[in-house]
Amino acid sequence: MDEYLRCQDILVSFGGVVACNKLSLTVPRGKIVGLIGPNGAGKTTLFNALTRFQSYDSGNVYYEGRPVDNRKPHHMVHMGMARTFQNINLFRDQTTLQNIMTGAHSLMGDPFSAMYWLPAARRREHEIKERAIEIAEMLSLTTELENEVGNLPYGYQKRVELARALASKPSILLLDEPVAGCNDDETRELKELVFKVNREMGVSILLVEHDMSMVMQVCDYIYVINFGANLAEGIPDEVRANPEVIAAYLGVEDDE
Amino acid sequence: MTEAPAKMTATVVAEFAERREAVNSLKRRYLRQDFIAAAVLLAIALLTPTLPIVKGWMLSQASLVIIYVIAAMGVAILVGYTGLVSVGHGGFLAIGAYTSALLTKHFGVDMIIGMIAAMFVSAFIGALLALVFLRLSGAFMAIGTLGFAFFVGTIVNNVPLFEGRDGILLDDNVILGIKIGDFGFYYTSIISLALITLFVYCVVNSGTGRAFMALRDSENAAMASGVNRLLYRVLAFTISAGITGIAGALNAHIVNYVSAEVYADIWYSVDILMAVVVGGAAILIGPYLGGFFVVMLPFFFEQLADFSFILKGVVLIIVLRFAPAGIGEILLRPFQIARSRKLRAAAGSKVD
Amino acid sequence: MLGQQILSGLATGSLYALTAIAVVLVFRNTRTINLAQGDFAMIGAFLGVYFLKQLGLNYYATILLVVASCTLLGMTVEWLVMRPIAKSDWLTLFTTTIGVYYILHGVAGWIWGRDTKAFPVTFDPTPINIGGALVSQGHLYNIGWALAIGAVLYWFFNYTKQGVAMRAVTDDPEAAYLMGIPVRFIVLLSWGMAGFIAGFVGILIAPIIYVSPEMMDEVLVKAYVAAVFGGLYSIRGAVIGALLIGVAENLAGGYLGSSVKTSTAFVMIVLLLAIRPQGLMGIQKRREI
């Protein structure tokens, strides 16, 4: 299967407002795809539709070629899709480790074996913990592993959010503005991470972002949407030169 | 046309609500000291009856405390660990009580069988309730469960099988064919509590417990991590109701009597919730402390019955003002702080 | 007779409605589920008995005094108990009202005793003939008062400065604060109004239900169920819900037996929540992404 995630003609409206106007995109296996557009263009809504947090009036979403329109968000995780949130959504009063381990929930098995600590469940729990620590090491989170994430710096929290998504061994990762609010150093770090995850771990990525330089450097392919509809698509160089895209962004800073 | 606001809330009212929605007084982590404290209390409770000064009535009173502690454990699973507030667990108490009462009265079964049956029936109804209230949360859930408790009360009052206000008088409690008195009942209760405490400890520290806490702290993040909201909600309710059902059975047998007079009120529901909040909802010994408080306060002021009500209310208000996470949390806090400090030092962290 | 059932249902329903309004008022301004609301009315009822019996006061003077006392009670609770913890989460707020509930129960039992009493004022039992139907005077009386209070509230919210300010606080407390609206005063006012309404409810309901510390427990639960009809936010929804409950339970009681009566409220809420979790006209928080 060459395409990993595909959506076709997604239509989402709230009351009289059309947030997504027949949006379509494809994330090929192993690629990093960017989704950009001015504020209010419908990116997060589409994101939510793809991860099944949002229902859509019409259109289809295909995962690994199979339609997933009737799935719940947690199904998608079990199928190998993970996501992060725009305004990080961590379990603030839980520790870093707990947050990451929760991310690996899909590896846990059934709740009954787990709660009775049956041997198979015990093994899985051990594996989950190991995996969580592994990921924490990869993302330089080990110093605050047993501390509550709520009080930690923003950049750190962003990495925990990513770690949690990675914990489930996803085949495809959907990142919602992963570098929003980050300074240059943090942005660079996250960029490296995104490359690493994609190149070394083979994870396909769909990225929503405002930071143009990051998008241009990282993505293999970009979709531009505006006013809820597809505006343009192509490899970064094409998109950069596209007059319609430039017009849509007129007056918008390069780096947000 | 612009996209709908990124935060897809219905109105600003809902946004305001969101800020208050997080029940931050509940979130406290597990500590090993917590479990040790519970184990110590249980050990003390197990050995105390061997002391000569202990009389039968004292054990009865202690058994009553244990019953409340068990009931509070049930509520704690739901409220403290899964974040779903129930003001209706009196309903499960009643269900447990009547299930056991009817079985022992009409079929002459062991009290233990009665308790187990009470657990299953209560758990089953808990699961049903979870499905009915699936789309509820927060304040609405609280009100829904309040209605549930009232509903159970009405059933108990009016359906002839339950003998309403006249009540059902039970025979002496029997386990394995032997009549048990105060001592026997006390040990049954303590052992039940010990097993339940162990069970709750296991659940809370497992992946299942993590899933519960994830739902409590952020439903969206939980679902995004793969937690099946429906499954875990139903499971939380089932476990919670089952545990409180056991307490109900014990409650019926401690006085060998059930009647609508006792069970068709909102007192139990409110009392048990209060016990959990005062003691500490997300702490293992929370229910222990809370149960003790709720039962012993009226006991010590038995002479001034109404005054004990007033005192209960005043103490509750004061505790909530200064220790909203419960007394248990205050007691465990020094351990928590020490642990954090130790971990930070060990990891060489620059953040403080 | 059907008309009679409905009317009597409307009468009790209007008292549920008043309580529901009070509950919604406090909730939407402070995010507090006030479990003590019923007891405000209960205290009012006891005070009423005291004023009428012990002090031999005239009925209308009693109403005045009771309503004033209950208003004061509401404001005192807010100022003394709720204000220090105003920033807490809703569970803490709710459980604190449980504390107030216990205190009021204890106080009532202590001062006046726990046994049930009859209210010294009853209505002329001869029914009035309206369009062929025999209507109880008591019912009309209650409905009349409820409508009057409803009208006062309507006027308050739409035509007075404080009322409009209160609506602003409900919609967006931060914006209201920034605009110079004294939010703390508005909150005090909300609780005062809750007490105000409770005073009336106490006096009006006392002849129907015997006066005891537990008298309002059931009413309170029904009032909350009614409030849920309006999503805990809409007064209109709460009133409609309350009237529906009153009528439904009366009809159920009449046709299916009195034992079914009390459970109607719960059955209704289950149906409502299963079908429409947001309540009839209200808004439950939608899932925020």
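Some notes on this structure:
The first chain written gets the first letter, and so on, giving A, B and C; residue counts start at 1 in each chain.
In the analysis below, a contact is a pair of C-beta atoms (placed from the backbone, for glycine too) under 8 Å apart; a residue touches a chain by one contact, two chains touch by 3 or more.
This one's a predicted model, so the numbers in the text were calculated from it and none came from an experiment.
Placing every chain at the mean of its C-alpha atoms, the farthest one from chain A is found to be C. Distance from each chain's C-alpha mean to the overall C-alpha mean is smallest for B. The geometric centre of chain A is 38 Å away from that of chain B, both derived from CA atoms.
For this pair, chain A with chain C, the centres built from the Cα atoms lie 48 Å apart. Chain geometry summary: the mean Cα position of chain B and that of chain C are 30 Å apart. Shared interface positions of chain B, i.e. residues touching 2 or more other chains, are given as 8, 24, 220.
Residue numbers of chain A whose C-beta contacts span two or more other chains: 44, 53-54, 85. With touch defined as above, residues shared between interfaces to two or more other chains in chain C number as follows: 287, 289. By the touch rule above, chain C contacts chain B in their complex via residues 27-28, 31, 33, 35, 81, 84-85, 88-92, 94-96, 98-107, 109-110, 114, 170-174, 214, 217-218, 221, 224-225, 227-228, 232-233, 259-260, 262-263, 265-267, 269-270, 273-274, 277, 283-289. For chain B in complex with chain C, the residues that touch the partner chain are 7-14, 16-18, 20-26, 79, 85, 132-133, 135-140, 142-144, 146-148, 150-151, 154-155, 157-159, 219-220, 265-266, 270, 273-274, 277, 305-317, 320-321, 324. Chain B contributes residues 1-4, 6, 8, 24, 27-29, 202-203, 206-211, 213-214, 217-218, 220-229, 231-232, 235, 339-340, 343-344, 347-351 to its touches with chain A in the complex. Residues of chain A that touch chain B in their complex: 14-15, 17-19, 40-42, 44-45, 51, 53-54, 72-74, 77-78, 82-83, 85-86, 89-95, 98, 101-106, 108-109, 111-112, 114-117, 121, 124-125, 128, 142-148, 152-153, 164-165, 167-168, 227-228.
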